[in-house]
Every structure is written in structure tokens, then in C-alpha cells.
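What follows is a set of structures to go through.
Shared between the two complexes below is subunit A, which has subunit B as its partner in the first and subunit C in the second.
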Partner chain A sequence: MNILFFIRCFNGIVLREALRFIHQRERFFSALVRPLVWLGIFAAGFRSVLGVAIIPPYETYITYEVYIAPGLIAMIQLFNGMQSSLSMVYDREMGSMKTMLVSPVPRWFLILSKLLAGVLVSILQVYAFLLIASFWNIVPPISGYVTLLPALLFSGLMLGALGMFLSSAIKQLENFAGVMNFVIFPMFFASSALYPLWKIEETSEWLYYVCLYNPFTYAVEILRFSLYSEFNIEYSLGVIIFSIIFLTLAILGYDPSRGSIQKKGG
Partner chain B sequence: MNFLLKINIILIALCFSVFSKVSHANKAFITNEKDNTVSVLDVKKMKVIDTVKVGQRPRGIIISNDGKLVLICASDDDRVEVRDVETMKLKYILPSGPDPELMVLSPDDSVLYIANEDDAMVTVVDMADKMIIDDIPVGVEPEGMGLTNNGKVLVNTSETTNMAHFISTDNLEIFENVLVDQRPRVAMFTPDDSEVWVSAEIGGTVKVINPEDRKVSHTISFEIPGVNEESIQPVGVRHTKDGKFTFVALGPANRVAVIDQKTKEIIKYLLVGQRVWQMHLTPDEKTLISTNGVSNDVSFIDVEKLKVTKSVKVGRFPWGVAITPN
Partner chain C sequence: MLALDVNDLSHYFGDFCALDKVKISIKPGDFTVLLGLNGAGKTTLYSLITRLYNNRTGLINIYGHNVRDNSIEALKHIGVVFQQPTLDLDLSIEENLQYHSALHGISKKEAKIRITNELERIGMLDKTKMKVRSLSGGQRRRVEIARSLIHKPKLLLLDEPTVGLDIGSRQLILDHVKNLCKKEKLAVLWATHLIDEIDKGEKVIIINKGKVLISGDVDKIINKARVKTIRDAFNKLVKI
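Here is the complex of A and B:
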């Protein structure tokens, strides 16, 4: 097998994901509507309730809408990662996964390609969201739109890998919906997406630690820093470590010799 | 060798002269009411470069028109401190009435007008003799002090009487009282002296008065989504010289309103720190600095972009702000 074969395989997976995305326009719009509802309704209600003190990377006071924007970007990626993995469960149920798995390229490469394809889709959704969010006066520095890109890639990989790992452990599509409720919402709410960590610490110390060590917080924070063209080593390392853990678990999960996929006859 | 030494000395001297000029440019002085200090900020770097101990409860602060002196109302000491802009060393003390709050200097720096909150008087001080010339009786709790470019008309506001008093500086007498909304805090003439804007803290409005006939031509009200009406308490007013914008500090609303100086339409609200009261523009009018009393910081506003760029911690309860003219 040469490198061209790998590229061809990667292109095939990305093209399939892109086609699926184009044909499911409602998926694109629903991915946008979700964070916009949070921004337009939830943030409007909390505007005067929450005072947001100056915390890095911000250099002055910000509105609540500005604060939650990185959290909503991460939310897009979280949902996208889960949905992309959901399609794996669907593929398995429909039998189309077998077509992909009989490919001579290594299983880990297939998983990584599938993940990257999902991340690319989520990046498109994020930039569309940022375009609309500018009407809410959420306008980061111009350089922020560029520096956000690598952060999106890493956070997208981390959240996609988590979804992939979960999908490897789920047999039926119905079960996956339940896991989404048990994973997405606790992850999203117990993080720095909606409230700053210092605010949570003021209310409950144990909840603060839950939020602090929540992988989703790391994703939100690297997006927050990169949106303002700043680099935070602590959160970046966190995202990389969590990405490696989730990716390893996902690869193992889809490994026919040892993963749960074999037990379920995928 | 000698030649090289001379070159070195010249270069070092040049560096010193350049840097000394840079370091003097655009300093902002902030009175910290609770700390009895003045924070000195480098406007360009947006950094505190010094903190100087001053008299008790410093509030109003101005810089002389020649840019050499800093004048500070030490309210609880019932005096005005005069310090050197460069060194911040106390040069001398000027007398005032009880609880001096805001003041204004005549265009030639010869006369100082001080509003004394506790005795319903505006004290007039001769800067050369450092003596009180006169006390002008005004309403209860005088505060705002606005002066025309030629120094002929002084407008003082009295917080409890709810009036703007028009005073002739020729005979030091009130020639008209204009009723404004509750608790007027600041009076500020537009750069062309065609209007005087008076903010009313409790009334939540800004009255625009024509100094010719002393009639109110406009009443500006504010409405901020998500902020209750009671929190909108206008205090500081600053006009840009180009006649484009007027900035109004809205107190506990934590916002600075940007108003079109001509149409009186509100363009934008800028989020700053808590309880914003006083403001000052840099000489090039590219930056506006606001003092945020409760959050103990000052906010730097980019006037061109109408955007808050940074908030910097100073002392406790920052009150007044003055920026060097050069």
C-alpha cells in the first residue's frame, strides 16, 4: 500500500461525509439554530443577572453574549462530533459499515479519517455561526478568526473521538440517543461554557472541580483564548491529552480483535 | 578613542532626551477616593506607573491649561492640593470651602472656581495670590462646573436644588437659574460654547441648554436592554472637539453612552466597569478614559472604533480623571 492509497481512502471518507452534509441541509441549519437560540434567548435573559469580571483572555468587561460565544462554538463541535458518531451506529445497523471496514487500510486510519471529515464539517458550521453572531456584536479581532482554526481542529478531534468511542460501545441507534442525553448535557452544563469557573467556585466547590476537570471546559477555553489570538498552554495540553485518550479508546473500541465492536458483531 | 567616546556621550544624551519626552507624554491622573491616593497612568501603555499619597478623600482633579500643575480636591481636608505634573510633589495648598468636589480653571490659569459640596458656595481663588477672592452663594450641594472658552460664563449645578446656575465671571453673580432634573452632577459646554449639557443622576437624563436664552433645547433619556431604569444614572459628560460625539457616563448602569453631538441620538452603549462616573479625553481625542468607582478600575475607550479596549485596576473607588494636555 502506498501513500496514494491512503489519500484516496481519506478523500473517499471526507467526500462521503461532505455529501451527507450537503444532502442533509436541515442538519446544517439545526446545528446553527441551536447555538443561536442560546445566544438570542438564553443570553438575553441572563444579560443583567450575571456580571462577567475581567478574566483572561479578555482585557475589559464583556457582555454575557460575548462570554458564552466560545462555549456555543464548542457546543456546535460537541453536537457535530456526537452526530457524526451517531452515523457510525446507523452505518453499522444498515450494514454499510462493513463496506468501509473491509478496506485494506488500517482500522485506525479509517477512524481518524472519519473523525477529520466530521471536524471539517463542524468548522464550516462554526464559521457560519460566527458570521451570524457578529450581528450580536460578537466580533473578535480579525486575527482571531485565523487563530481559531487550529484550536477548532484540536477541540473537534477531541470531541469527535469521544463520540466515536461512545459509538463503539453502543449496539443500537436507540441507545445512542440516551447516551447523548447523559453525555452532552452534563458535559455542556458542568463546564465553563455558560458560567466562568470563578462564579461556579463561589457557589459550590465540588461542582467547581467537576467543571475544572471536565474535558469540555478545556475545549471551550482553548477556543476562547484562540478567538482572541492568545495561546494557553494548560488548556492546550489538556485538549491534546484528552484527544489521545479518547482516540485510543475509540481505536481500541473498533478493533475487531479486542474491542466491543467484535462482541456486538459489528 | 576620544572621538568614539564623544559619539557615545552624544548618543546617550540623545536617548535620554527622547525617552524623557516620551515618558512625559500623556499621563492620566486618577483620584482614588477611598485610598487617599492618585494613580498615575501611562496612557499609551495603559499601565499604572506610579501611585502617590495625597490628601484625604481626593475627588475632582484637573490639570492647569499650561500643563504644569495637577490640582486635586482633597474633600475631607477642605483644601485643594497643587502638585507638579512631572514629579507629583506638593507645591502648595489652595484654600477652599468645606468639602470641595469639582473645580475649573479660567483659560489663562489665573482664577480657580471650586464647588464646595457642604456649604452651598462656589469659591473663587486667585491663583497668583493663592487667596480666596469671593464666595458665590449657589444652590444646595454644588458640584458640576462648566466654563465657556472665553471664561466669561460659569455654570454650576447644585445637586439638591436641582438647578444649573449661570454665573457671570465679570461680577461673580448668578444671572440665571435653570431648573433641571433631579441631582444634576456635571455641566459641560460644547466646544463651540453653543450648548451646555447638564447630567441629572437621579433624573436619569441629560438636559441640553442654550446659553443664549438659557432654555432647554433637548432632554436626552437613556434605555439599555437588560438594565433597569433606576441603574441608569448619568454623571460625567465629555464632548469631542470635532463636534461628532458626546460621551455620558451612566453610573451603576456600567455603560458609557455615545451620543451624536448634533442630532442628540444615542449611537451606542459601551460596557465599562462598575459605577462609571467621570471621564476624560486624551488631547488627540483618540482615547477616552472612564473611572469605574465600584470595580476599582479605569476603562480605556477607543474613540475611533467606539470600543472598550482595556480596563486597568487602580486604587479603591477611583473618582476623577485628568489627562496631561501634551
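Here is the complex of A and C:
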């Protein structure tokens, strides 16, 4: 088995994900509409309520729309990661995931390829969102569009791996909807996506610690810093550590000798 | 060398024993029918052979490669048609087969040649660009068989491939696989609960409640059971 074998396999998985994405245009639009609703309605309503002080990486006062943009980018990736995992639960129920799992390729490579394919799709969605967001005057420095890319890869990998781990532990499609509610919403709201951490600390100390150690906060913050071409080692390390944890759990979850798949007999 | 060698294989789901010390051997070119009622353990056996589940006991060898210790080499030799349809309905036949080829490391150019050959063989070359969703049940099954052969496996596993199909489609698929077996020395394990899919001279394994009750040629089983037909033998052995 040579490197060409792995490249072909990876390309095949990415191409399938891309084709599915193209065939499901509504998925693309709903992925865009969701953050735009937050930006156009929620942020407009809250801009007068919430004052945002000057905090890094911002060098001046910013509007609330500008503040929540990185959170909305992370939201796109969170939903995409969950959707990708949802499709894995669906594929498992429908049987099409078996095709992938019985191919002569190491499981970890299959999981990682599927994950990266999902991340690439989410990156397309993010740049489409940023294009539309420029009409709300959310315009980071030009270099920010470039430095955002590696941050998107890592944050996407972390959120996708979380979704994949959850999908390995869930047997039925119906259960996944519940987990979406218990994972997506608490993760999004208890983070720095909508309000700065210092503001939360002023209100509730325990909530501050929940937000501080929420993996989603780390994703939001590396995106925020990278949008302004700045690098924050603390948040970057956090994303890498959480990515490794979630990825390991996902790979173990789909490992036939350890995972939960065979215990369930399905 | 045996195409498939299963020895002393047991599998449990909690306290439930799904397979109990199963022993099966298949030679290259053998068409072997795995006959059992629904819930007999056929799908569990297939899941263990294809390493969807891990075998904790016993041994599974495919052309000498142990599925547990050397799964990648073992899986290279297997083509599988699962009981549940596994094609992506929103993709075309060609896209589905290209995806499968990529998972087996086959280049796009080579895959195109193989896809053309396989689809021609099942008489569906004119439908290459059609979405799977628009195909009939029988056509989908034929595409799945074509897909399972693209990487040129030496052992083909089919789990109830004709369930839910009309008589014409069933016969077409059965003839196609039996032909492959004769012409290409392909070893086939065909799981079914439909007794009329068995022809004279074929090898049969009767499985019930996770146990292999008997295996051998149709005539041998009939003689041993002291009945006139394989149907009677099956009914007598599983005590229907």
C-alpha cells in the first residue's frame, strides 16, 4: 500500500462529500441563512444593549456585528460538523457507511479523511458568509482572509471530530436530534461567541469558568485573532489539544475492537 | 489455499450468543449457500468476516490472511453485497462506483475501464449516468454486485442479495453470480433463507440459532437427513 493509494482514497472521500454538498443545495443556503439571521436581526437588536470595550485583537471600538462575526463563523463550522456526523449516523442506518468501513484502508485514515472532507466544505461556506457579511461592514484586513484559513482548518477539525465522536456513540438518527440540542446550543451560548468573557465574569463566576473551558470558545477565539492576522498561542494550543482528544475518541469509537458499534449489534 | 477459513468462531451481544463455535471452509471457485432463517446469525457472521465487528474468539482467514491481525490484506480479497442497500441514492451509478474504486486505491483512469466492463457485463452500460434513486430494486442490486467486483476480489460475500426482488430479477442475479463463480474461479458465500436458490451439486451450510447444523453437498445433506429434498432436510434439521 503506497502513498498513491492513500491519496486516491482521500480524493474519493472528498469528492463524494463535495458531490453530496452540490446535490443538496438547500444545505448550503441554510448554512448561510442561519448566521445571517443572527447578524441581521440578533446583532442589530443587541448592538445598543451591549457595549464592547477594546479587547485584543481589536485596536479600537468595534460594532457588535464585528464582534460576533468570528462566533458566527465557528457556528457555521459547528453546524457543518454536526451535519456531517448526522450524515454518518444516517449512512450507518442506511448501510452506506459499511462500504467505507470494509475497504482495505486503516480506520483512522478513513475517519480523518471524512473529517477533512467535511472541513473543506465548511470552509467554502465560511468564505461565502464573509462575502455577504462585508455588506454589514464586517471587513477584516485583506491578510485576515488568508490567515483565517489555517485557523478554519483546525477549528473545523476540532468541531468535526466532536461531531464524529458523538455519531460513533449514537445508534439511531432520532437520538442525534436530542444531542444536537444538548450540544450545539449550550456550546454556542456558553462561549465567547456572543459576549466577551469579561462581561460574563461580571455576571456570573461559574458561568465564566464554563465559558472559559468550553472548547467552542477556543475555536471562536483563534478565528477572531486569525481574522486580524494575529496568533494567540493559548487558544491555538487549546484547539489542538481538544482536536486530539475528540479525534482519538472518534477513532476509538469507530474501531471494531474497541468501539461502541459492535456492542450495539447494528 | 482456502478462500475462506472460519474456525471455532463465537460471538455474543451481551449474554445473547449470536454465533456458537462456527466452522466454515470455502475453496476458490466454490459456490456455497449459507442457509438459515432470519436471525440465524448470517449477518453477524458477515460482519465478523468483513471486520465490521471484531472477532474475540476463533479464527477467520481469507486466502491465508487473518482478518483480525492483518485486516487490510484480508479485506483486499473480499467483495461484499450487504443485506441492506448501500448505494448513495443521490449519486449516479458511475459516481458510486468511482467512490468505491477510490476506496480501493484504484486510479480514475483504471476505474473507468473497470466500471465500463462491469456495467457491460450486467447489461447496464447505458445507465451509467443515471441517479441510483431512479433505478428499480433489481437494477440497484445488480449495480451493487458490479461494485463489489470492481477491485477484482477473490471471495464474494452476498448477504440475502435477492430479498424483495421479483422472480425475474432474482434469477438474473443468481445466474450472473454462478457464472462468475464458474468462469473466474471466484469463491462465493451466498446467504439466503430462500431454499429454491439452491441447485443440485452445490455446497450448502445450514445455520440455525448461531450454530452450523450441517454442511456439504446438497445430496450429502439430503442423504444424511434421510429425506427427499433439500427443503425437507432444512425443515427437519431446524425443526420447523
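The rule is short, and it goes like this: the second predicted complex is superposed on the first by the 265 of 266 C-alpha atoms of A that agree within 3 Å, B and C clash if a C-alpha of one lies under 4 Å from a C-alpha of the other, contacts with A are read in each partner's own complex, and residues count from 1 in each chain.
Heads up, the rule we're going with is that contacts are C-beta pairs under 8 Å (C-beta built on N, C-alpha and C of every residue); 3 or more make two chains touch, one makes a residue touch a chain.
Quantities reported herein were computed from a predicted structural model and do not represent experimental measurements.
Asks: Per the contact definition in the header, classify A:L197: touching subunit B only (first), subunit C only (second), both, or neither.
Replies: neither
Asks: With the two structures laid over each other on chain A, which partner does A:A44 touch: subunit B (first), subunit C (second), both, or neither?
Replies: Once the two structures are laid over each other on A, A:A44 reaches subunit B alone.
Asks: Have a look at where A:L120 lands relative to subunit B and subunit C in the superposition and call it first, second, both or neither.
Replies: A:L120 sits against neither subunit B nor subunit C.
Asks: Taking the superposition as given, does A:T99 touch the first partner, subunit B, the second, subunit C, both, or neither?
Replies: In the superposed model, A:T99 contacts subunit C only, not subunit B.
Asks: In the overlaid three-chain picture, which partner chain does A:I54 touch, first (subunit B) or second (subunit C), both, or neither?
Replies: In the superposed model, A:I54 contacts subunit B only, not subunit C.
Asks: Of subunit B and subunit C, which one touches more residues of subunit A?
Replies: Of subunit B and subunit C, the partner in contact with more residues of subunit A is C.
Asks: Could you say whether A:Q24 touches subunit B, subunit C, both of them, or neither, answering first, second, both or neither?
Replies: second
Asks: From the superposed pair, tell me which subunit A residues show up as contacts to subunit B and also as contacts to subunit C.
Replies: none
Asks: Touching subunit A in the complex: which residues of subunit B?
Replies: Subunit B reaches subunit A through residues 225-228, 254, 271-274, 295, 297, 299-300, 308-311.
Asks: Name, in rising order, each residue of subunit C that touches subunit A in their complex.
Replies: Those in contact with subunit A are residues 13, 18, 44, 47, 50-54, 71-73, 75-76, 78, 80, 82-88, 90-91, 95, 98-108.
Asks: In the complex, go through subunit A and note every residue touching subunit C.
Replies: Residue positions touching the partner: 1, 4-6, 8-9, 11-13, 15-16, 19-20, 23-24, 94-96, 98-106, 256-257, 261-263, 265.
Asks: Once bound in the complex, which stretches of subunit A touch subunit B?
Replies: Those in contact with subunit B are residues 44, 47-48, 51, 53-54, 59-63.
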